[in-house]
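Next come two complexes, and both contain chain A; in the first it sits with chain B, in the second with chain C.
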Partner chain A sequence: MAKRSRPFWLWPAVTVLILALAWWQLPAQFGVRPVYLWTDRLIFLLLAGALFLGGWIRRREHLRQPWVEVFRQRRAMVALVVLLAFVITGLLDSVHYRKPLPMVDGQQGVQYSVEVVTLLDELLGTLREGTEKTYSAPFAMTQLARETVTLPDGTQSRIRPRLRHGGAHLTDPSQRGRDILASGLAGAAIGVGLTMLVWLLLGAILSRRWQTSWRAALTRIVHGRTEVPWRAILVTAGSLLVLMAMTALWSRHWHVFGTDKVGEDVLYLAIKSIRTGLVIGTLTTLVMLPFAILLGIMAGYFRGWVDDIIQYLYTTLSSIPGVLLIAAAVLSIQVYIANHPDLFETATDRADLRLLALCVILGITSWTNLCRLLRGETFKLREMDYIQAATAFGVGHFTILGRHVLPNVLHIVLIIVVLDFSGLVLAEAVLSYVGVGVDPSTISWGNMINGARLELAREPVVWWSLAAAFVFMFALVLSANLFADAVRDAFDPRLREQSP
Partner chain B sequence: MSGDDILLRVRDLRVQFGQGPQAVRAVDGVDFAIRRGETFALLGESGCGKSMSALALLQLVPRPAGRITSGEVWFDGQDLLALSEQQMRQVRGHRISMIFQEPMTSLNPVMTVGEQIGEVLEQHLGLPRRARRDRTIELLTDVGIPAPARRIDDYPHQLSGGMKQRVMIAMALAGEPDLLIADEPTTALDVTIQAQVLELLAKIQRDTGMAILLITHDLGIVAETVDHVAVMYAGQIVEAASRRELFASPLHPYTRKLFAAVPDRRKRGRKLETISGNVPPLNRRFTGCRFAERCDEAWLRCREQAPAWTERETDGETHGVRCLRYQPGIEAPRVVSRPGSETGSGETKPASASTLLTVRDLKVHFPIRKGLFKRVVGHVYAVDGVDLQIADGRTLALVGESGCGKTTAGKAILRLIAPTAGEVIYDGQDLARLPADELRRLRARLQIIFQDPFASMNPRMMVGNIVEEGMRAQGIGRTAEERRQRVAQLLEQVGLPPEAARRYPHEFSGGQRQRICIARALAVEPRLIVCDEPTSALDVSVQAQTLNLLKDLQDRFGLGYLFITHNISVVAYLAHDVAVMYLGRIVEQGPVDAILDDPRHPYTRALLSAVPSLDENGREIIRLEGELPSPINPPPGCHFHPRCPDAMPVCAERYPDPVTLPDGRVVKCHLVGD
Partner chain C sequence: MFAYIVRRVLYAIPILIGVNLLTFTLFFVVNSPDDMARMHLGVKRVTPEAIEKWKAERGYDKPLLYNERAEGLQRFTATIFFEKSVSLFAFRFGRADDGRDIAWDIRQRMWPSLAIAIPTFLLGILVNITFAMLLAFFRATYIDVWGVVLCVILMSISTLFYIIGGQYMVGKLLHLVPISGYDSGTNAFKFLVLPIVIGIISGIGAGTRWYRTIFLEEINKDYVRTARAKGLSELRVLFRHVLKNAMIPILTGAVVIIPLLFMGSLLLESFFGIPGLGSYTIDAIQAQDFAIVRAMVFLGSVLYIVGLVLTDISYTLVDPRVRLE
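Then we have the complex of A and B:
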């Protein structure tokens, strides 16, 4: 056993510093102008917080043990892999910058485009740029609606014109099926190859930890004889890689999920929506946590008039219908934004502020639940002998709160945060649908679904926007729920006591 | 034993939790037999598998974690383990019933008493509705519930603990069973109530001729009520004999140690016998004797050969034991008697030690608030005028039944609960009125040890930090290094290795935790420690260790103890002075010998007589009627008069004044003095 071990925050601190430096300095190296949106900064803060929390948890046996249990559950790990894919996409989409415009003669200094792009946009290049005129179906070569065009011989005819981008490389429309199959197969092959690479890499890493040969580690993974279900993780990651590679190859020439009313690729929209969903699901928690924790444990610990006030506060808040409160707040913010256009440099800035405002409002309406739970738990804890013992030593109130109460309610906080996440993602969709959600210019699943209202009434039906939003949201919410279940099982002491 | 008077015969019963090599074998080959109409006790400390054996008889082992892996349970010509769940339901509650330790959790809170008993009557006897009610009232009368016709429509929360246990017994009797399994039936009850319940069980047994399987850890109860005893240790029965035989000549080293570990008066001034170490974990295979690691009489062979069950005949009675020393054909080395355990410190310090703490007329009244505006509608007179004096280096025991306010008084002295009135004078200062920051400094002088060693430590902190907490709050030890050394030293003083500082509380057993709590209290160098039932959650052998430690610390550091307890044998062993509390007031107070030899207050007499003891058989129990009245409406006059066997008319009118007797004790009773 090491005599004086390193402080738990050492590695998190180093990682966070490196990240911050990169975020701050790298854009200049590439000649672009960084844009730090408010949500970006908060996401960075959240990331840093998560890193520190992770470091701290590793040192606390009672918190580490449940996580170890989570990591041993196959279902939880499969969900986690999917979640991670979403999170990485969201993070890439949170690095905003403006590109320089081409130099004009005699220009002083560099001018930057008003359009704010992200790292993700860079990766999705063709998806973003390959826009059409209007609706087109998935894998279509022609537009959905007929148009009157003048043929070379002067006659007019109503036909479905070929798309600018979708299938434009084919001259012979009958080649469509073969091309799709060919690029699909090629994508699958690339995906499988990548998976093998991951497997070899994993084997190399794990063989060092297990102190076995590389080959032995590889077979152990394949046979599933590992504590952490690496095989399941690998299979999930592999399926995701195959899927992504196939989609990537297809979308070089096709619109996998079709295009929307203004001809934008629906797949692109669905991917861009990920960030919005994640921001709502996580930042809301960040906003509400300090309130809920502080007020909850204070009410439970001090009782008396402190408790009365806090209880009054949250019963009042939770008896107003949430949607009403949110609608009122969002509308007034909308008015504020409309009246102060000078405050925002770009449209992205404006949309971002509204997103943040939505998080804050959702946070304010959703902290009461956690607060109530914490109050009840603290009530019980307060009577515990160890808190009385601390009082008998003359330990101060806030030290007791920090040292004895908070660590003993932390598991509740964790459970609630994870459980609330998927609910919040869904809430965004519903609110945007009702019209009090994010800014209409923000790409989000809610807005996509909102648009689908009219599309479903068209003839022929435009179903792909809704389908894309549904598939992505379903994947995120399902994996978040599966993961949350595992976390709750591992942390809920009531479930644990039953096994001797 | 032979013949058909055997009601229940258990052969090679095994219960296992979990699978594979890590499986916990909670019951590992248990054999015993119960005759019709007799009381049979399974005696053992916590975790020995006694309750699990009883549950297994009824196929009630919690599934799916646990299962019965082998065995036969012959009950009246039937093998119960071969029955299906359906058939078993006919046996449970009808042929064999069970009562549990916790009457609070074994009654359904949303059904009336009558409904719950009626349910059993309907299911097993098929009585029609009217007859059910009549029979229920009969049963309630049998178990001694006053006004049963009224009580029948009460809900469990309207009954006191003792009443609930009576209702449980009535429920168990409803099916007219041949065998009643009583799992620690009186552990949650006070001694006077315990005496009532035990007497009730004996009476029912006489009337109905049913057999009782009593599961208990309390040697005193066994000594009083039982015909046959089997002692369990680590999943096996290690000794079985008739009660007389076992108490007269216990054979197994473990049994003998158990007897020796019980504190009592004759052991005053000596160290109690203890059993070192802990019960071995049951998730491994044993090659030798399970007790070998803790046995003083073990020799090499004990670790290699598992002792077989050996039976001896004495006066026509069988006495079985599982120990190599008694196994025929084995030559055991002679026991080297260990010196040292006999010689304790000298007897009590001179009585004229200086006064450490004086409590005068201490009162704690909790307001009862009702309604929208939380108006005060009454008070709970939890502590209602208590006077105490504790001297340096001496132990004052505060004795009473639960609900008498003794714990509240202890906490109010330390101002963990705000006292309503009165003075607590330490070192010339009145603690009850001291401003918060001055009190905070004084807290180092006065410490407390709690009853439940599992609840008194923050499970999220390492032991080192727990012990250190008081030092940090009080500014003892300037550097972290200094404090760490002091923690190590403290842990050593209470008999724990210094490495314990880096571990978490859950890694320790109950007794070890209690020692950590003692170390934590010692860390701030207190003069007085309030010990709030520090041993009542511990097994006898562990209790002995804790008492030895407390006594030792007192001798070394001259600590004063306020020892709050309901356990009279601990008082007899440890205390110098005794104060008996009844309903918020002290009714008798004085030197321990005077009070135990010649109690003057009727309540003290009843309390002392209710304590089961190991040796006297012919003692007469003064039966107390009813239970402790509510401290919200104490009876007028002497609080004890509704239950007092000697009550006089004047008792209901006036609270008796304290009378000081020549031997220095103070009694509050009209009988005394006037």
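Then we have the complex of A and C:
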């Protein structure tokens, strides 16, 4: 191994450095004013932590082994590809900034718009700006509701007016089907082309690693004779690329998932909700981890009165039904926010802090389970010979905890973190429905469902908001569940799943 | 056994005190009663007199912990802490913001909640065990593999979609049962069918998977191999031996939930307009009626602790190897 000389943290450190530089330097280059939200900072902190941990694990054979197992499972890798697509979207949506307003004569300095946008908004430009007046069906050219208009000859008539953006490029409505088909096919072709490109690129990379010819690597991938299931990964990534390309082309002129009550594009809302879901799924765990780990292993290691107090703490917290504790805490925070409006600069700020508060509250209610598991495991570990030996050598308690106990319970932490993720994403929707979820101004799947559920009673039925929220949530939660299963099987097949 | 139960009940007291202190802190220390009054009366146009009046009407005009102006024991009892928090121990829940007696409301709304929760719970366990047994019987075949995948798919769908979809399909498209509402007596049946069915279906994914792991754990034990070696058929082994022993973790896992059935299902009840405790809680949360939320938090913790004690007792009943010390 010639790589010995390279420290494990080199690549993660370089990545983090580049990210940090980009974050501080680029906004000035483009003349925008960056907005650092609290959740953004934590997300990038989490990303940096994950990268470092990844680099650390790569260099340790015994820690790497279970991951290698995960990476060889077809189902897990398919899920991972989908998850990655979600994560990248979420990260793009976590770079917030304010754009400068056009200069007015005699103005001193640059004025910035109060509207906070993200990198993702730039990519989804047409989706974000192409708003209509009110409901319209997917791929519709006309509004859903009839309106009374005055015709040129002075008579009044109730018609469905044409949309401002949906299909506005067509003068002849009968061309609608042909246009949709044509741009769909063009999108599919672009998607397939991109997939081919990825395949060729992957072949080039793998042929160097396997030290075979490029052609041999390509055939090996196609025949599925690889340890890591590259073919399945490629098929999944390819399907995603085709879908994305088709949607991208369609949404230049159409509302793929229709528009909602105030005329916003539903596809845009569904994509923007990804960040909210990811924040709740990941930051909640990040917030609770330090407490759960520290208290859990302390209770198991020290026993006696320390154990009693910690057990009392988590029994008390877990004895309150989760939704009610969350409701009580969120209501308190709502009152606090309502009474202190001066604390927040913009509405985005307020919504963001409320999102973070929700994560903290969810974390408080969900750390008890992990704490209990860690306590039990530490209980067992304490009796192990190597810890007895460390005690006999006079090693301090906290050194033992940090060096001998913690590394040996980390697999439980990892399993619980990935298992909890999907549950938290689902919880967001329910909590938003109950009225104790994210801020009503935050775009989230819960708020989308909440706003749309009464519309099923309308005639004609407005189903597209629900459908969009369903498709996106289902894809995220299903892939998270499948990936979590693989991780659990690889790290500890015996750890029984929690009761439903 | 009796001594054990007494000790468990005594152990519950500090936990309930903890719950009580926590809710007290959340509702009265983080936000003063003044804040609450302002929230209810509208933040902007509110006079100090209106706040005082609002507080006096609801009994929030006393000091939090210690009343200097009172005499003797009254110094401690004529406080918000004593009147609003300590009195919960006597199950005196006080009045809601609209003046209704909370305890009376809870007694009324308990029955519709139970009418949904008990059938959902019992039938749900039955359905889940049936499916799990099926998967365990066909273990390590394609039926098992795809069955588990199906379970994961079912688990990945939010309960909200089960409810909305079920309501839409059965109630609106097929017109089989009314979409929402409730009636007394046997007339309630047609209102209850759909919520119960949806409640069961939404739990199938997670439940079946959990029971399947329990069964598989049991199937790999020695006594099962012995039973097969005796020449028993696979079905007989599954039903007579595996199911019976797997009932220990299943039952004890289920017992914790039983007392909490009183609380009802938040989502089912509120979507189907059933006047149970779940919809009561949701309405209270949405109306920001803190008195009701406080009462429900306390009630929920009491029921959870009862569930824990019942779990321990049920262990000794189903598994004679376990002795309570």
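Simple rule for what comes next: the second predicted complex is superposed on the first by the 486 of 500 C-alpha atoms of A that agree within 3 Å, B and C clash if a C-alpha of one lies under 4 Å from a C-alpha of the other, contacts with A are read in each partner's own complex, and residues count from 1 in each chain.
We adopt the following convention: contacts are C-beta pairs under 8 Å (C-beta built on N, C-alpha and C of every residue); 3 or more make two chains touch, one makes a residue touch a chain.
Being a predicted model, the structure only gives us computed values, none of them experimental.
Just chain B (first), just chain C (second), both, or neither: which does A:392 touch?
first
Given the superposition on chain A, which partner contacts more residues in chain A: chain B or chain C?
Of chain B and chain C, more residues of chain A lie in contact with C.
Classify the contacts of A:321 with the two partner chains as first (chain B alone), second (chain C alone), both, or neither.
second
Should A:60 be classified as contacting the first partner (chain B), the second (chain C), both, or neither?
It touches chain B, and chain C stays clear.
Quick check for you: in the superposed arrangement, does A:106 touch first (chain B), second (chain C), both or neither?
neither
Once the structures are superposed on A, label A:335 by its partner contacts, choosing first (chain B), second (chain C), both or neither.
So A:335 only meets chain C here.
Hey, what residues of chain A end up touching chain B and chain C alike?
Touching chain B in the first complex and chain C in the second, residues 498-500 of chain A appear in both lists.
Across the complex, what residues on chain A touch chain B?
Those residues of chain A that touch chain B are 1, 60-62, 384-386, 388-396, 399, 403-404, 407-408, 498-500.
Touching residues of chain A toward chain C in the complex: what are they?
My answer: residues 312, 315-321, 323-325, 327-329, 331-332, 334-336, 338-339, 341, 422, 426, 429-430, 433-436, 449, 453, 456-457, 466, 470, 473-474, 477-478, 481-482, 485, 496-500.
For chain B, which residues are in contact with chain A within the complex?
17-18, 24, 65-66, 411, 414, 416, 439-441, 443-444, 446-448, 450-452, 455-461, 466, 469-470, 473-474, 502, 504, 517, 520, 524
Mind listing the chain C positions that touch chain A in their complex?
14-15, 18-19, 22-23, 26-27, 30-31, 35-36, 38-39, 43, 152-153, 155-161, 164, 167-168, 172, 203, 206-207, 209-210, 213-214, 217, 253, 260, 263, 266-267, 281-282, 285-286, 288, 290, 293-294, 296-297, 300-301, 304-305, 308
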